[in-house]
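Each of the next two complexes has chain A plus one more chain, namely chain B in the first and chain C in the second.
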Partner chain A sequence: MNDPVNSNFENRGPAMANMNISMSPKSLGHLVPWAVAIAFFFLFPERLGQWTEILIWVLFTISMDLALGYAGIVTLGHAAFFGIGAYTAGLMSIHVTGDPIIGMVAATVLAGIAGLITGMLILHTTGVTLLMLTLAIAAMLENWANRATKITGGDDGLQGMELGNLFGIFEFNFFGVTAFWYALGVLFIWFLIAYRIVRSPFGRSIDGIRQNANRMRAIGTPVWWRLVVMYGVSAAMAGSAGALTSYKTEFVGLTVLQLLTSGIVAVMLILGGQKTIYGAFFGAAIYIMVRDTAAETYPFLSEAIIGIMLILVVLFLEDGVMSVPKILRRRPKKAAE
Partner chain B sequence: MTGATSIGLSVENLFAGYGETVVLDDVSLDVPAGGTLAVLGRNGVGKTTLLTTIMGFTTRHNGSVKLDGRAIENDPTHKRVLAGIGYVPQEREIFPSLSAEENLLVALRPGGWSVEAVYELFPRLAERRRNAGNKLSGGEQQMLAVGRALVGGPQVLLLDEPMEGLAPVVVEALFDALAKVRDESGVTMILVEQHIDLAIEFATDAIVLDRGKVVWRGTTEELGADEAMQASLLGVGVEDGG
Partner chain C sequence: MSLVSFLTILLDGLAFGMILFIISVGLTITMGLMRVINLAHGAFAMVGGYVVAILTGDGMNLWLAILIGCTAAGLLGGLAEMTILRPLYRKGEMAQVLLTFGLAFVSISALTEIFGPNPIPVVFPDYMTGQLDIGFRTYPAYRLFLIGVGLVMALCLWYLIDKTLYGARLRAAVDNPNMARAVGMNVSFLFTITFVGGSALAGLGGAIGAGILPLEPFYSLKYVVLFLIVVIVGGEGSFKGSFAAAIAVGLVDTAGKFLIPDVAPYLIYIVVFLLLLWRPNGLLPPKSVA
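Showing the complex of A and B:
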C-alpha cells in the first residue's frame, strides 16, 4: 500500500464533488492564505510593497499552474503574456484612460487573445518542441519591445504612466495601499475562477489530457482545442498579473518579457507544488522573501541561496512545499509498520 | 440509455500500420447493425492494430472505414467517437488521478448513457465511485473502461481483449453485462479475444487474422464446427501459456 502514486490520492475524494467551498472545519483552511495576507497588511505596513509583489507573483504562478501543472503544457514563455499585460496596462494609461479597471480588462483580454492565437499555432506539439516554441515566441516579443522604442520606450522602459483612482476614489500612491488591495482583489477573483475550472468537467478532462492525450481522444475529447482554451485562460491570468505589476510601480521595463521572468514563475510553481493552486501562494511568498532577505544580508550570495533552496526542494520535496503535510502524515504510518 | 437504431461498421481493403510498416494487409470486414464480430488470431497478427486503425491512431496507407455507410477514415479520433464509435483498449487506461466517477464524467456526451445507467449495469462501480482510478481492481477498471465508452453513446463498441487477466467469475459478470448492452441497446460490437470458446459463445460472426490478412471468415457456429481452425488457434494458445 505504499505505492507513491497511489498515496497521492488518499482521502481526496472526487474533486468535482467538492465544487462548493462549504464552512466545514476542514475547508476553513481555504481562508488561511487570505487571512495571512490581510493580517500582514496591518502587522507590517512598511513591507506593503513586498507583499503586493508577492500577491502579483502568486497570480502569475497560478496561471503557470493551469498551463504547466494541470494541462502539462511545457512552457518557458509565459513572460510573453505577463509582458503583454504589463505593457497594455501601461500604454492604456498613457494613451487612452488612466482608469485601472478598464486598463486591467484590456490587458487581460489582450493577453488572453495572444494566448489563444499562439496556442493554436503551437499546441499540436509537445515536449521539447513545444518548450522551444514558447521560448521563441517570448524572445521575439521581447526583441520587438526592445526595438519599438517609440511605443514601449525600449530599454529605458515605459515612462509617464498616469493612473486614475480605483473606482474613482482610491489613489495609487507612494504608500501602495491601493495597489495592495487591488492586487488582492484581482487575485481573489482569478483564484475563484481557477479553483472552479480545475474542478469542473472541463478541468478534469484537461487533467486526463495531461495523463493520456490519446485516451482522451478515444473518448471523444477535442484535445487540441481544450488545450488552446486552457492556455488562453492561463495567458489572460498572466496578463492580469502583468497589469498589476505595472500599476504597482507605474513603470514597465523590458524585464517583464525576459526569459528570467518565465523562469522565476516556473521556479515558484515547482517550489510551491504543481497542481494544487495553493502551491502558488507558498512558492511566490517563499521565493520573494528568501530573495529579499538574502539580498539584504548577503548581497553577493542571494542568487546562490535561491539556487541551493531550489535544489533542496526538488531533491527532498518532489511535489513542493504543498507536499509537506502529506509527508508528515505518512511518517507515523511507516514507523508503526 | 440510448434507444437509437443500430448502425453497422465496415472496413474495405484496409492497409495500415505504424509509419512505413504495414501491419494490416488488405483487411475487409463488415459488421451489420447490432451484430457482434469476434476478431481472432495469434499474438501479433494485427488484431489490436485493426481496432486502433478504426480509431485513427495508426498510419493508414489505403482503404476505408465506414460507419453506417459514411466514410470516417479521414476524421480525427474524437470525431469518430462523436460519430458513434466507443473504444475499450486492452490496457484499460483508466486515468489514475481521476476518481471512478470523474473517469465517467469526462467522457459524458449528450445522447450517451448516464452515469447512473452505468452504475445500474455495474453496481460495483457505484460503490467505488469515489476511489481514484488506480485504486480499482482489474475487474473494476475493466468495468469502468466499458462504462467510460458507454457514456459517450457508442453505437459501435470496439473491445480489445476485455477479459484478459480477469478472474473467471468477473469474466462471466462482464460478459453478461456486455450481452445486456448489446441485446437491450442494439450496440454493434467488435471483440478481439484470445479465448475462442468465449468468442464463439458471445459473437455471431468471426474473422481470423494471420500476419495482417483475413485467413478465415464465417459465423461463430461454423467456427465451432471447424475443428481444424480451432486447433490451429488453440495450438497457439497453448504455446502462449508456456
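Showing the complex of A and C:
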C-alpha cells in the first residue's frame, strides 16, 4: 500500500464475495445482528443503556468503515462530525424545537455539509499529511467548543436539552426504551444505505481508488470528487450517530470532539474488520463490553486492558474479528501441505 | 506592542519551541526513515521525565538524573522497536496508529497505577528556578536554560547528521531506503540505533520540559498532536525542517496566548491546517518526497 509501484489490485475481497443477496439460507445470516439486538432488548432490559450505546457506536463505526475501510481515507478526526451532530441535535432541542426527527435531520445534514467542505479542502492529500489535517480539524473544533462557553457550555457540557416525543407519541425517559428503538431504527436505515453504496458502481469505483488511485485516474474516474462524496456521506452518518448520543444522555460533553473519540472508533473498526460493514457490530460490541467489564473489575487497569487488546489485534488479527472464520478455514489446509 | 513584550514573547516562544524540538526530532527522523507513525513517542518523553522527577525528588543531582532518565527512555524505545514496532513497517498507516495508540494507553495506565493521576514535578536546582537580569527585564533562568539546551542539541545534531559518516548513512536511508539497502547498508540496525537515540532525546525533552509541559499520566496523549504537528509541518525525515517547525509552533502559540487569547487555543491548528494545504509535504521535506 505504501509503495504505489508495487501495489497490484488486490484479490476480490469480502465485499465482492457476498455481492449477491438472494433469499438463500446463507442470506438469513443478514438477519442475525438485528435479531440479536432485538432479543437483548427483551432478555436484558437492565442493560438497555449499554445496548443503546453499542448501537450508536456501530453506526459511527460503519461511517468510519465507509471512509477508512472502503475509501482508504486515513482519518483521525472523525470525532469532528460526531461532535457536530451531537452539538447540533443538542442546540436544536434547546433553541429551536425538541422534535427528535427534525433535530436528527439537521444534525445529519450539517455534519454532511461539514464533511463535504472539509473533504474538498483536504482530500487531495494522502497518508500522514491527510491524517494530520483531519486531526487538526477535530482539534480546532474541540478547542473552539471549549472556548465558546456561551454556545456549547464549554468544559461543563451542554445542559438543559428538552426533547419532544418521538413521532409525538414515544417519550424519551429515564428507562431509555425510546432511545434504544430510535437508535436501532436510525442504524437500520443507514445500514441499508451503506450496504447499497458499497455494492453500487460508485462503491466499486471507491474500492478501486483505495487500491490504486493513479490507475483509476488513468481510466477517467474523477477520483477527488468520488472521495469527497464518500467522505460527505460518512460524515453525515457520523453526525447521525452524534445526534443519537445526545438524545440518549440528553447532554453533550466535550469528549464527543476529542482525539480519543476518533481513536476509539478506529479501534472498533479494526477490531471488527474493515470493508465488511458487519465488522462494526462486532467491533463496537466487543470494545464496549470489554471496556465496561474491565472498568467494573479492574478500574485502574481498564486503559491498559484496552491498550493490550489493541496491540494484539493489530499484530495477530489484522483483519479483525470478521476474518476469524476465514482463518479457521485456512488452518487445516496449511497443515495438510 | 512594546519592545519589551515583543522580546518576552520571542523568548517564551523560543523556550517552548526548543522543548518541542528536542522531543520531536527523534520522531521526525524515525518517521522519515521507516514511514511508521508513532503515537507512543510521547510515552518515551514521559518515561524519561518520570524517572528524572523521581530521582530528583529523592535529592539526586539533576544532570545525573537526566543521564539515567535518557538511558531508560532510550532502552525502552529500543526494546519497543525490536519487539512490537518492527512487524508494523509493512502494515498500513491505521495499523501503525492503532498499535502505538495502544502502547500509549498502556503507558497511561501503568503510570496512573504506580504514581497516581496527579502531575509530578521535576526538582530543578536553585540556580535554575530564580530570575536572571537580561538587560531589559528579569527573566526566568529556567527558560533561558531551555533555550540554551535546545541550541546546543540542535548544533550537536546538525554536526552528527550533516558531518559524520553515521549522518550521511542516515540521510541516504531516509532519501531512499531501498537503494541504501542495495549498496549494503544495514538499514534495520541504523533504524534501531536511531530509534534509541530519538527516544533518549525525547526523554531529555520530557525531563527538562516538565516546567512547561507538566508530567502526568495522560502526557503522551495530550501532547502527541503537538509533536506530530512539528514532524509533519517540518517535513517527515527533515531534521532542519523539524527545528524550523518547532520554533514556529512555539512562537505562534506563545504569541497567540499573549495577543489574541480568545483564539489562541485553536490558532495553532488553523495555522497548521493552512500551512499543510499550501505545502502538503511540510516546510522542508527531504529529497525523497519533494
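In this text, the second predicted complex is superposed on the first by the 316 of 337 C-alpha atoms of A that agree within 3 Å, B and C clash if a C-alpha of one lies under 4 Å from a C-alpha of the other, contacts with A are read in each partner's own complex, and residues count from 1 in each chain.
Definition applied: a contact is a pair of C-beta atoms (placed from the backbone, for glycine too) under 8 Å apart; a residue touches a chain by one contact, two chains touch by 3 or more.
What you are looking at is a predicted structure, and each value in this text was computed from that prediction instead of being measured.
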For A:42 in the superposed arrangement: first (chain B), second (chain C), both or neither?
neither
Once chain A of both complexes is superposed, is A:146 in touch with chain B (first), chain C (second), both, or neither?
second
With both complexes superposed on chain A, which partner does A:214 reach: first (chain B), second (chain C), both or neither?
first
Counting only touches as set out at the top, which of chain B and chain C does A:318 meet: first, second, both, neither?
second
Check the residue A:205 against both partner chains and state whether it touches chain B (first), chain C (second), both, or neither.
first
In the overlay, answer first, second, both or neither for which of chain B and chain C A:125 touches.
second
Counting residues of chain A touched by each of chain B and chain C, the higher count belongs to C
Once the complexes are superposed, what residues of chain A are shared between the chain B interface and the chain C interface?
none
Can you list the chain C residues touching chain A in their complex?
31, 35, 37, 84, 87-88, 91-95, 97-99, 101-106, 108-110, 112-113, 221, 225, 228-229, 232, 236, 262, 265-266, 269-270, 272-273, 276-277, 280-282
Residues on chain A engaged by chain B in the complex (per definition of touch)
3, 5-6, 8-9, 12-17, 201, 204-205, 207-208, 211-212, 214-223
Quick one: in the complex, what on chain B touches chain A?
55, 57, 76-78, 81-82, 87, 89, 93, 95-99, 101-102, 105-109, 129-130, 132, 134-135, 148-149, 152
Contact set on chain A toward chain C in their complex:
1-2, 68, 74, 76, 121-122, 124-125, 127-129, 131-133, 135-137, 139-141, 143-144, 146-147, 259-260, 263, 266-267, 270, 300-311, 313-315, 318
